[in-house]
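In the two assemblies presented below, chain A is common to both, partnered first by chain B and then by chain C.
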Partner chain A sequence: MPLIDPNVVDLSRLQFALTALYHFLFVPLTLGLTIMLAAMETVYVITGKQVYKDMTHFWGKLFGINFAIGVATGLTMEFEFGTNWSMYSHFVGDVFGTPLAIEGLMAFFMESTFVGLMFFGWDRLSKPAHLAVTYLVALGSNLSALWILVANGFMQNPQGASFDPDTMRMQFNDFTALVFSPDAQAKFVHTSIAGFVAGAMFVMGISAYYMLRGRHREFAARSFRMAALFGLVSTLAVVTLGDALGRLDYLVQPTKIAAMEGLWHTSTPPSAPWLIAALPNDATQSNSMEIGVPYVLTPLVAHSLNTPIPGLIDLEQANVPRVDNGIKAIAALQQYGETHSATSLATFKQYENDMGYGFLAQRYAPNQDVNLITPALLPSVEQQAVKDSIPNVFVTFWSFRIMMVLGFYFVAIFAFAAYYSLKNQLEKHPMLLKLCMWSIPAPILATEFGWVTAEAGRQPWTVYGWLPTFQSASSHDVGYMIFSLAGFALLYSAFIAAELYLMFKFARLGPDEHGVAAHHSPVDASIAAPIFAKPGFANKSWE
Partner chain B sequence: MGTIVKFGALAAVIVFALFLAVVAGDYGPWYFAWLVGTTMIILISVAGAVMFETQLTINEDRRL
Partner chain C sequence: MEIYIALKVLWAVLLGILLTGLAVMVGMDMGVGVLLRLVGKTDGERRTMLNIIGPHWDGNQVWFILGGGAIFAAFPTLYATSFSVFYVVMILLLFSMIMRPVAFEYRSKVDATKWRDTWDWAFLISGALPMIVYGAAFGNVLEGVGYHYSWTGQYFQDESFLGYLLNPFAVMCGVMSLSLAVYQGGTMLMLRGEEPIYSRARTYATLGAVVAAVIFAVGGVWISHMNGYVFTGTVDPGMAATPLGGPAVAAKAGAWLNNFHAYPILWLAPAIGFLGMIVGAVALQLHMKIVGWWLGVLSWVGTISTVGVAMFPFLMPSSTAPAESLTVWNATGSAYNLGWMTFFAAIFVPAILSYTSWCYYVMRGKVKVETVVNDPHSY
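Presenting the complex of A and B:
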C-alpha cells in the first residue's frame, strides 16, 4: 500500500484540528446552558416568579445564537471524515458510522425539534409541558455529545469490533461494548460536565457585568446565584472525574499518561516528583528544565504508593516485540490476500493484535513492503518505528497543565462567588465580579486544551494500537488541502466573528431591551431592593 | 382521580429510576454517575435560587 504524502497527512490533521477546535468553542456552552435553562425554568415552575421565566427567556436567546452557529460548524466535520480521512472511514466506518448516525438521527433531531418548541412554545404549552421540553433540549444536546464521545472512545480504546482480513476493515460486532466502553463513559461525563462549567461561567460572568454596571439587578443577582452554585458543584465534579479519566488512561494508554507527565524514564516510587513545569524536548527525549513536587506522581497517577509509572523511553522499547509481531501480521495478511491460505490466516490471527505496530514499521521498510525487511535491516526499522509509537510530549504536557491549572482556578472562583452570593455580599467585592466577567472564555479554553491533551496524547494513532494517523488520510494533493484549509479558516473565523458580535450585542442590551421585562413583577421589584440598596453601588463604576 | 394519576406517574418514575440504577449502575457506572450528578447539580442550583427568595423575604420582613 503506497504511503500518503506526509504533507497531506499533516494538512489533514491541521484542518481537522482547526475545525474541531473551532466547533468546540460552541459545544461546551450549548451543553452547559441547556442544563442551566432547565434549572432556571424549574425554579419558575416551582415558585411561579416571573423573573425566572425572564431568565430562561434571556439566557435561552443567547443559547439560541450559540446553538445555531455551533450546528453550522459541526456539520462540516462529519463530511470531513469522508473527504479527508477516507482511509480511516474505510477502516472503521462500520463501527464509527454507527454512533454518528445515532447522533444525527436521535439526539440531534431530538434536540433541534425541542429547541423549536422551547423557543416558540411559551404561549402554547402548559408550564410543566414547557419545562419538560426544556429538559428534553438539555438531554438532547448532551445525548449528541454522548454519541460523538462514544465514537471517540472507540478511537481511544477500541472495543466491540474486530479486524476482518477478508474485507480489510474493522467489523462491528458488539454494540454494548462500544457504548459501555469505560473510555466512552468517562469521556462523556468529563466533557459534558466541563460544558456545565462553561455555561455557569458564561451566566455568572454576564450577570457580574450587569451588577458592576448596576443594571438588571434582581435578574443578575438571581442568575449569578444559580450559576455560582451550578458551577461550583460542576467544577468539583470535573476535577474529580478528570482524575478518574487519567487513571483510566494510565491503564489503557500509558504513552499518553507518560507524555502528560513529561515522564521519559520509569518513575521510582514513592518519591517520584510530579512536574509542575518542565520543558520537554522530543528530539533529545529529555526535559531541559523541571520543577517538581516529590512524592506526588505515584499516588496521583497510580493511586498507590509503590507502583512505578512507565516512562516513554521504556514504553518505546517495550514496543519492539510488538513491532516484530506487527511485521509478521502484515506479511501474513498480504499473503492471505494473495493466496487465501489457512496457514497465512492462522499466522495473521496469531499476531493480529499487534497489526498496527506493523503499519508503523511499514513506513521504514524498503518500498514500504514489510517482506523486504531483512534481518540486517530489522533493528533499524524497529527503532524508527518505536520512536513513532509515542506522542508529542511538549504539546501533551503543556495542554494538560493549562487545562488542569484552569480547572483549579474555576474551583476557587466558583467557591468565592458562591460564598459571597449566599451571603449577599457580592457588592462588596467588585474585583471578584470583574474576575468573573473576564473569566467567561476560560472554561471554553480549558475544554480546548483538554481536547488537545486527549487527541495529541493518542498519537500516532487514529484508532489506538490499530491504525496509525499517517495511514488514515485521503490521498489529496497539497494544493487542494491548502485551498480547503484556507477556506475553512476563513469561513469558521466568520462564524466566530458573527457569534462574538451577536453575543456582545445581546448581552450588552440585556433582558429589558431584549423584549424581556425583567422588572415588571411587583413582587420581584419590592424584594429586589435590599440586596443592592447600599448607597453608591448602582452608580459606582468599577471598570 | 387526579391524585391517583399523579401517584401512578411518580411510581413509574421511581420504577424507571430503580431500573436505571440497576442496569446503568452495573453496565455504565459513569453514565449513572452523570444522571445522578446532573440531577444533583440542578437541584443545588435550584435550591440556591429558592434560598435567594427566602433571604429576600426575610430581609423584607426585617425592614418592615
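Presenting the complex of A and C:
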C-alpha cells in the first residue's frame, strides 16, 4: 500500500495545528466568561442592583465579539477530521465521532440556541427566565468542552473500543470506559477551569484599565473583585488538576511524560533532579545543557520516593519487540483481508496489541510492504521504527515549562489582586493594576502551550499506540493543501484583525452605566460622547 | 443481526431528517444572506433583515454542525470519504460557514459604509456558495463519485475535482438548492418584516419557489435517463461495515427509478416536493405567509426524500469501483455505537425541537427598522 506523501502529512499537520490553536484563542474566554456572566446576573437578580445588570451587559457584549469567532472557527476542526484526516476518521469514527455527535445534540445546540435569547431576550423575558437562559449558555459551553475532551481523551488513552479486523477500524464497545476515561475527565476539568482563569484575567485586566484611569469606579471595583476571587480559586484548581494529569501521563503515556521532563535515561531515585531548564537535542538524544533540582523529580511525577521513571532511550529500546510483533500483526491482518482465513485471524489476534508499531515499521519496509522485510533488514527497520516511537522532546519540554510557569504566575497575581481588592487598597498599587492589564493574554497563551504539550507529546500517534499520525492523513495533492492553507491564512488574519479592533474599541469605550449615571466623571463623558456619535472615527474626534 | 439492520435503516432515515433540518434552518438564514443586498436598499433595512434571523442563526447553524458530527459517528466511512473527495468545495463551504457568524456579530458594530458593505458581500457569498455546494453534492452523489479503497480502508480519489464536481447536472442541483433557500429566507422576511422589505421579499421568495419547481421537474426527467446503481451480487444487509469485499454493483441507465417501480407509493415523495413548491408560490402570492413557510419545509422534505428513496440503499456510489460503493449496509457505525447514538438522539432531538420552538415563540412578531437601529443589542 502506498503511503501518503510526507509533504501532505506535514502540511495537514500544520493546518490542523494552526487552525486548532487559533480556535483555542477564543474558547477559554467563552468558557470563563459564560460562567462569570451567569454569576453577575445571579447577583443582579438577587440584589436588584443596577450595576450588576450593567456588568452583565457590558461583559456580555465583549463576550459576544469573542464568541462569534470561537463558534465559527470550531467548525474547522470538525471538518478537518473528514477533509484532511480521512484514514483517522475511518479508523476511529465509530468511537471518536460519537462524543462529537453527542456534543452537538446535548451541548452545542443548547449553547447556541440560548445565546440568541441571552442577547435579544432582555426585554422579552422575566428576570428569572433570562437568568435561566444565561445559565443554559454557560452549561452548554462547558458541556461542549466535556464531550470534546472525551473525544480527545480517546486519542490520548484509547479505551472503550477495540480493533475489529473485519471492518478495519476501532469499534466502540464500552460507553462508560470512554466517557469516564480518567484522562478525559481530568483534562476536561483542567481545560475548562483554565478557561475560567482566562475569563477572570480578562475581566480583571480590563477593570484594572478603568481603575488606572479613574473611570467607571464602582463598576470596575465590583468586576475586579469578582474576577480576582474567581480567578484565584480557578488557578489553584488548574494547578492541582495539572498535577493529576501529569500523573496519568506517567501511567498511560510514558513517552510523553519523559519528553515533558527531558528525561533521556531512566531516572535513578530518589536523587533524580527535576530540570528547571535544559536544551534537549532530538538528533543526539541528549540534553546539551541542564539545570536541575535534585530529589524533586521522583515524588513529583511518580508520587513516590523510589520508583524509577523510564527514560526515552530505554522506552525506545523496549519498543523493539513491539515492532517485531506489530510487523507480524500487520502481515496477518493484510492476509486476513484477502483470505478471511482463521489462521491469519488467530495470528493477528495474538499480536493485535502491537499493531500500531507495525504501522510505524511499514514506513521503512521495502515498497511500504511489511511482508518484504527480510531477517537481514529487520534490525535496521526496528531501529528506525523505534526512533519514531517518541515525541519531539524540545517542543514538549519547553511548551510544558512555559505553561507551568505561567500557571504559578497566575496563582501569585490573583492572590495579590484578591488581597488588595478585599482591603480596598488597589489604588495604592498601580503597578499591580498595570500587571493585571498586561496579563490579559497570558492565560490564553498558557492554554495554547498546554495543548502543544498534550498533542506534540502524544506523537507519533493520533491514537496512542494504535494509529501513527503519518498513516492518518487523507491522500491529497500538495496543491490542495496549499489552496486551503492560503485560504485559512487570509481569512483568519482578517478575522483576528477585526476581532482585536472591535475588542479594543468596545473595551476602551467602557460600559453604559444606566443606573449610576451620576457616577460618570467628566473624563468619562468626554471619551464616550464623541465615540457614540461617530463610532467609526472615535480617535479622530477625540483629538 | 436483525437489530443491526433496523439500526442501519433508522440512521439512514435520521440522516435524511438531519439533512432536511439543516436545509430548512440553515437554508433559511442563507437565503436571507443572499437577499440582503437585493431586498435591503438602506442600511436600516439590511439591519432589520439581519435582526429578523438575529436571535436564531446561531442555533440554526448547529443543524449543520450536528449533521457533520452525526455523519462522522453514524457513517464513519462515508464521512471520511466524502469530506476528502470533495476537498476543494468542502473547504470553500467551510470558509463560508466561518464567515457568517463573524459577519453577523461584527457588521453593525462599526458605523462605516465600507466596513458594512464588505460584510454585506460576505453575507451574499457565504449564503449563496454553501447552498450551491449543498445541492451540487446531492447531484454528484446521484451521478456517482470516482474513488476506491486500499486494504487498510484508506480512500484514493480517481477523478480530478474540476472534471466531475462542476458538471451541468450538479450545478443545476446547486441552483435548485439555492432557489429553495431564497424561498425559505424570503418567506421568513415576510413573516417578520414590514414594508418595503415584505413586498420585495415576497417577489424573490415566489421566484425561488417557481425556479425550484422547474428545476425539480427537469431534474426528474434527467435522472430517469442517467446512470443509477444496482446490486448485481447477493446483498446481506447485516454485513460488517466495510466497503471492501461486498457484493458486485453495476451502473445502469434509469436504475434510480427502480425503487419507485417496485413501490409506487414512493411517488408520493416527489409529488409532495413538487406540490410544496407550486402551492407555496401561490400561497405567497395570496399573502399566506405561515402556510408558505411550512410549504417550503415540505418542498425540502419532498426533494430530499425523493433523492433518498431513489438511491436507497446507496449513499455514495463509486463510479470507478462500483463494488466499493458506500451504502446503508456497509458504511454505518457498529451496532453498539448506533445504539448509543439512538439513545441520545431520542432524548435530545425532542428537547432541541421544543426549546428551539420556544425561542421562536419568545422572539415572535414584526421587527421594526426604528427598533433595530435604536437597540444597542441588535446586529
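To be clear about the criterion, the second predicted complex is superposed on the first by the 512 of 543 C-alpha atoms of A that agree within 3 Å, B and C clash if a C-alpha of one lies under 4 Å from a C-alpha of the other, contacts with A are read in each partner's own complex, and residues count from 1 in each chain.
Throughout what follows, a residue touches a chain if its C-beta (ideal position, glycine included) is under 8 Å from a C-beta of that chain, and two chains touch if they have at least 3 such contacts.
Predicted, not measured: the structure shown is a model, and the values here were computed from it.
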{"item": "First (chain B), second (chain C), both or neither touched by A:T176", "value": "first"}
{"item": "Chain B versus chain C as contact partner of A:I46, first or second or both or neither", "value": "first"}
{"item": "Chain C versus chain B, contacts on chain A by residue", "value": "C"}
{"item": "First, second, both or neither for A:A186, with chain B first and chain C second", "value": "first"}
{"item": "Contacts of A:M226 with chain B and chain C, given as first, second, both or neither", "value": "first"}
{"item": "Which of chain B and chain C A:F495 touches, first, second, both or neither", "value": "second"}
{"item": "Set of chain A residues, in rising order, touched by both chain B and chain C", "value": "none"}
{"item": "Touching residues on chain B, where the partner in the complex is chain A", "value": "27-31, 33-34, 37-38, 40-42, 44-53, 55-57, 59-60, 63"}
{"item": "Partner chain B, residues of chain A touching it in the complex", "value": "35-36, 38-40, 42-43, 46-47, 49, 52, 142, 176, 179-180, 182, 185-186, 188-189, 192-193, 196, 221-222, 225-230, 233-234, 237, 418, 421-422, 424, 526-528, 530-531"}
{"item": "Residues of chain A touching chain C in the complex", "value": "1-2, 4, 64-65, 67-69, 71-73, 75-76, 78-79, 81-84, 86-98, 100-106, 108-110, 112-117, 119-122, 124-125, 164, 166-169, 171-173, 175, 334, 337-338, 340, 471, 474-476, 480, 483-484, 487, 491, 495, 498-499, 502, 505-506, 512, 534-536"}
{"item": "Chain C residues within the chain A interface of the complex", "value": "54-59, 61-62, 64-66, 68-74, 76-77, 79-84, 87-88, 90-91, 94-95, 97-102, 104-106, 109-112, 115, 150-157, 240-242, 244-245, 333-334, 336-337, 340-341, 344-345, 348-349, 352, 355-356, 359, 362-363, 376-378"}
